[in-house]
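Note that subunit A is present in both complexes that follow, paired respectively with subunit B and with subunit C.
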Partner chain A sequence: MSGSLLLQSVILGVLLGGLYALLAAGLTLYFGIMRVVMIAHSAFLILAAYLAWWFNRETGLDPMLSLVVTVPVFFLAGFLMQRLLVSRLKPLTLTMMSVLLTFAIALIIEGALGFIFTGTQRRIQLPYAGDSLNVFGAQVPVVKLVAFVLAAFALLSLYLLLKYTRFGRALRATIQHPEAARLVGIDTDRTAGYGFGLGLATAAIGGTALSLDATIYPSLHWHWIGPLMAIIVVGGLGSIPGAAIAAMLLGISQSLLQLPLGATWAQTVFYVALFATLMFRPQGFFGGRLAQRF
Partner chain B sequence: MRNVSERTASAALGPAVTETVVVVPDTPRRSRWPRLVSLALVVIGAALVLSFPFVAPNPYILSAGVVILNYAVLSTGWNFMGGFTGYISLGHAAYFGLGAYGTGLIVKYLQLPGFVAWVLAALLVVAVSIPVGIAALRVRGASFVIVSIAFVLILLLVFQSWREFTGGSEGLIVPRPFPDLMRPEHHRVFFYLFAALLAAALVAWWIIDRSKFGTALKSIREDEDKARSLGVPTTRFKLIAYVLSALVTALGGGLYALWFGDLDPIFQFSILVGSYMVLMALLGGVRHLFGPLLGALVVGIALEYFKLEFGDTQFHLVAAGLLLGVVVLFMPDGVIPAVRALIDRFRPQQTSIRDVTAAELLEQNRAAATSEPRAGASSDHRAGAAPDPHADADNREVVR
Partner chain C sequence: MASESKYLLELNDIEAGYGRAALVLRGLTVQVPPATVVCLVGPNGAGKSTVLKVASGMLAPRSGSIVVDGVDVTGTNSQHMLKHGLAHVLQGHSVFREMTVAENVLLGAFTIKDQKAIDERVAFVQNLFPIVGERWKQLAGLLSGGQQKQVEFARSLMVSPKVVLLDEPSMGLDPKTTAKVFEQVARMRDAGTAVLLVEQNARRALETADIGCVLDLGRVHISGPAPELLADPALGDLYLGGRPADSAHVGGSTAEPATKGR
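Presenting the complex of A and B:
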């Protein structure tokens, strides 16, 4: 195995890990806010990818321009979903029932995509699809780099938003201690709704990034939800930095394992990591206090 | 004497649907015959099922009947875990697939007769489900669901990729156990086999439901920490329920393999099949013996209809998703309690003692204490679950 091949694998792993990190951050947000495991997250991801593909087919413009529409729409959808659906569930059975509810949403999205766009595999033809950069002998495709930059930019904005704005502080307070947050005057219900909106907005960005260089089909979301779930459990449920670190590590491992094992078997790394985490450290490796109760 | 008066509404579904066992002193007139009615209804229901192969107009309808019975077996199997302990597994298709593939592979490689392979495969699945159960049951709630989904996905990956052993995506042909039977007779034989398996599963569920073990499992469902503090060995009991559940599901899968004869990893290990089990049980009512069977009837017929009507389009996914969403949002306890509540509204209140779940209890207590509204329960339900002084050991029978 040559050094440049190895380097290329690591670079591709980092690029993939960036996308995983962004999506896992969204999942972590939902979980932190309401203890909701959002199975439909990856279905929304594929929905956004389909919208980007459709936008590109209809207008011929760069699929990234579709973000101007999809991000606000997804934000609104997430807000409404939290306010109208998730908040109606009974608190005692919320975690289990929300899984089923979001599962139902995922089925509806998958079915609707298959119904409207058929099950045919789709791919966006970009003018720069074949280009690649040469980094010390490693070939790095430009589209993957663009997707990574998009994801990294979104993740950074999310971080800055949560860390330095008034709204971000309110959201973090809602996650940490809802009762206390209410006591100091935060409208936790509405903040939780916005948090869901943010989560779905990450799915919109991730989906557009994905559509740049992936072949998409309606049932693709099942291939994403498993790894994403594994990432948030390994990272510790509810911890965004944990999810990001786990995403990077697992993304790189998957990319490296593809060399000896092939693409299909390399995916098992996520599940191996998941079961190992549960066996040895059920609260996750980077999670805090929150994760220990689940 | 049992309290049978509150059972009338449920009589349509059999003798064991109420979980409350309460002494009520003065209902001598009504006590005998709802019980007879429910017994009669069970007998009539069984007779209807058993006579179905003779009234089915063509082999297609008969095969649809077999599919629905198979779903009923799977869903009842799921209900050993989901109904009693409240741990919702979205990945029970894993055991369906393992049972099916186990049977097929044993027949293929060891040349054993089909039904011997079926039993062996079920035992193998039990052996697999123990370590998986130990890992999965270390966590609760959300993480448990994640693990159950991950387990199906990993098996799908393995069975698709391990081409030389499992046949991969091309599928696996399982030889028929009765090679000289014609197709309609084949369906008929398997219809009765599935019916027998379903009956066995229902009887097992009924026995557990009435046992002390079942009460302990239900106490885990209502409040695991409290159950544990009262001395219920929660970990061991959950594991037993999980393994039993896997066993029944695997038996259903193995029988499916012998009946259908052609296995495909995409279907055997699909999250969709697992979610159908959940949908059926939830729709009928997870707390009721016949809930999953009722749900399987409704969902199974609906699925066949959508496949006939819309063919290869993905519309049946939308329908299944909508149905699941409606059930979760509006009747999470299922059809049976919803209908019973409706009937009860038109009857005088007879009992002072009834079945109350921890969720309802919390609701009642909160309504009683409106002067001092409790915040917080919306996001931290563990903390909100504990304020009740009346709940007794198994948290199900409450005197008002």
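Presenting the complex of A and C:
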């Protein structure tokens, strides 16, 4: 195997890892906020990809412009979903029931996409679709680079928002100790709702990034939810930095394993990592003290 | 009317409980005068935490009233209770573990907009609890139990509360740290805050408190000046775990917890 092929795999792995990192961050955020397992996260991802594709087909403009609409709409949808559905679940069985609830939402989205856009595979034709950069002999497609930059920018914004804003402090306090948060005057219900909104906003950005370079169809989300769930468990449930690190490592591993194993078998790296985590370190590898055991 | 009241906090004839289970509090009345530590003692499960949850609005009482500095605040939820001057330090550890001490303390001022007032208050709590200033940039979850308690005290004092509710601040601490924490409770009072303290560690708490109340079967059974309760032999046997042989030790750190055998 040549050196440039290896380099190319690593670069592609990093680019893919960036998208995984953004999506896993959203997924682990819901879990951190209220122990919700959000199966519908990847369905919203595909929904956003469809909206980007549809926007591009109808207007001919760059699909990334659709973010102006999808990000606020998804944020609102996440807020309403938390306030009207998830917060009504009984606390005692919330995690389990959230799987059922969000599974149903995923099915509804998948069904609606099939109904409106049919099951036909769709793909955006971008003017720069065929361009690639030559990095020390490795060919790096420009679309993948653009998608990565979009995802990385969103992840960085999420990090800065959580770390340095008043809302971010309120959300972290709500995650770490809801009762104490309420006692310092934080409206934890509304904060949790906004947290869900943020999670869905990341799905909107991720979906748009995905649409640049993927063939999409309504049931594609099943393909994504497994790896994303594995990533957040490996990273330590509830930990965003943990999810980002695990996403990068697994993205690169997957990309490297594609060389000897092919695409289908390379995917199993997520499940191998998941089983290893559950067996040896159920609290995850990168989550720190806060991470939950599954 | 507001400033006429003799008490900063009054819980009047409170009945409260959880869900459909039997009532935990059955006609409880407690009053906290200014610049005073009132200590409510009682065995595990007596309803001590429940009293504080009712006072801070975490649990709505079935009946009775809550009056803060002459203002009836019954029915206010915990998020808004701060505005009326009540701060609640929960039982066990309640720092935000993955945040720095600075972030924890500043979150105590979440509802305050005036940056100058916040800065002054930070200086005040750092002076009152030196450890808070020393560990300012460290993650709160990495501090020892006693240090975390002081961070929680500092956080609760950021809003300049009239009354602080302390739920078993000595829980899980060794005797030396316990002494230190009670010393801080006395300093909070001397700095002008009234304190309603609940404790299972009754003898040690009554040594710090000005007024003691014994909680039994959901109401205040006996109350009076703390030194008198400590000296009462009948009470010592019943509620404080052993005879008050050590009452000469007031203010010092009792190395051993009181045991029954003496």
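One rule holds for everything that comes next: the second predicted complex is superposed on the first by the 289 of 294 C-alpha atoms of A that agree within 3 Å, B and C clash if a C-alpha of one lies under 4 Å from a C-alpha of the other, contacts with A are read in each partner's own complex, and residues count from 1 in each chain.
Criterion: a contact is a pair of C-beta atoms (placed from the backbone, for glycine too) under 8 Å apart; a residue touches a chain by one contact, two chains touch by 3 or more.
Every value quoted in this text rests on a predicted model; they were computed, and no experiment measured them.
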_With both complexes superposed on chain A, which partner does A:E179 reach: first (subunit B), second (subunit C), both or neither?_
both
*Considering only the touch criterion stated at the top, classify A:D187 as touching first (subunit B), second (subunit C), both, or neither.*
second
*Could you figure out whether subunit B or subunit C reaches more residues of subunit A?*
B
*Look at A:L85 in the shared chain and tell me whether it touches subunit B only, subunit C only, both, or neither; answer first, second, both or neither.*
first
*Scan A:L6 for contacts with subunit B and subunit C and give back first, second, both or neither.*
neither
*Touching A:R169, do we find subunit B (first), subunit C (second), both, or neither?*
second
*Under the contact definition given at the top, report the residues of subunit A touching subunit B in one complex and subunit C in the other.*
179, 182, 188
*asked:* Considering only the defined contacts, which subunit A positions touch subunit B in the complex?
replied: 31, 33-35, 37, 39, 85, 87-97, 99-101, 103-108, 110-115, 119, 174, 178-179, 182, 188, 192, 218, 222, 225-226, 229-230, 232-233, 237, 264-265, 267-268, 270-271, 274-275, 278-279, 282, 293-294
_List of subunit B residues in touch with subunit A within their complex_ = 86, 88, 90, 135-136, 138-143, 145-147, 149-151, 153-154, 157-158, 160-161, 271-272, 275, 278, 282, 313-322, 324-325, 328-329, 332, 358-359, 362-363, 375-382, 384-385
_In the complex with subunit A, residue positions of subunit C that touch it_ = 56, 58, 78-80, 82, 87-88, 90, 94-99, 103, 106-108, 110-111, 141, 155-156, 159
_Which residues of subunit A touch subunit C once you look at their complex with the stated criterion?_
166, 169-170, 172-173, 176-177, 179-188, 288-290
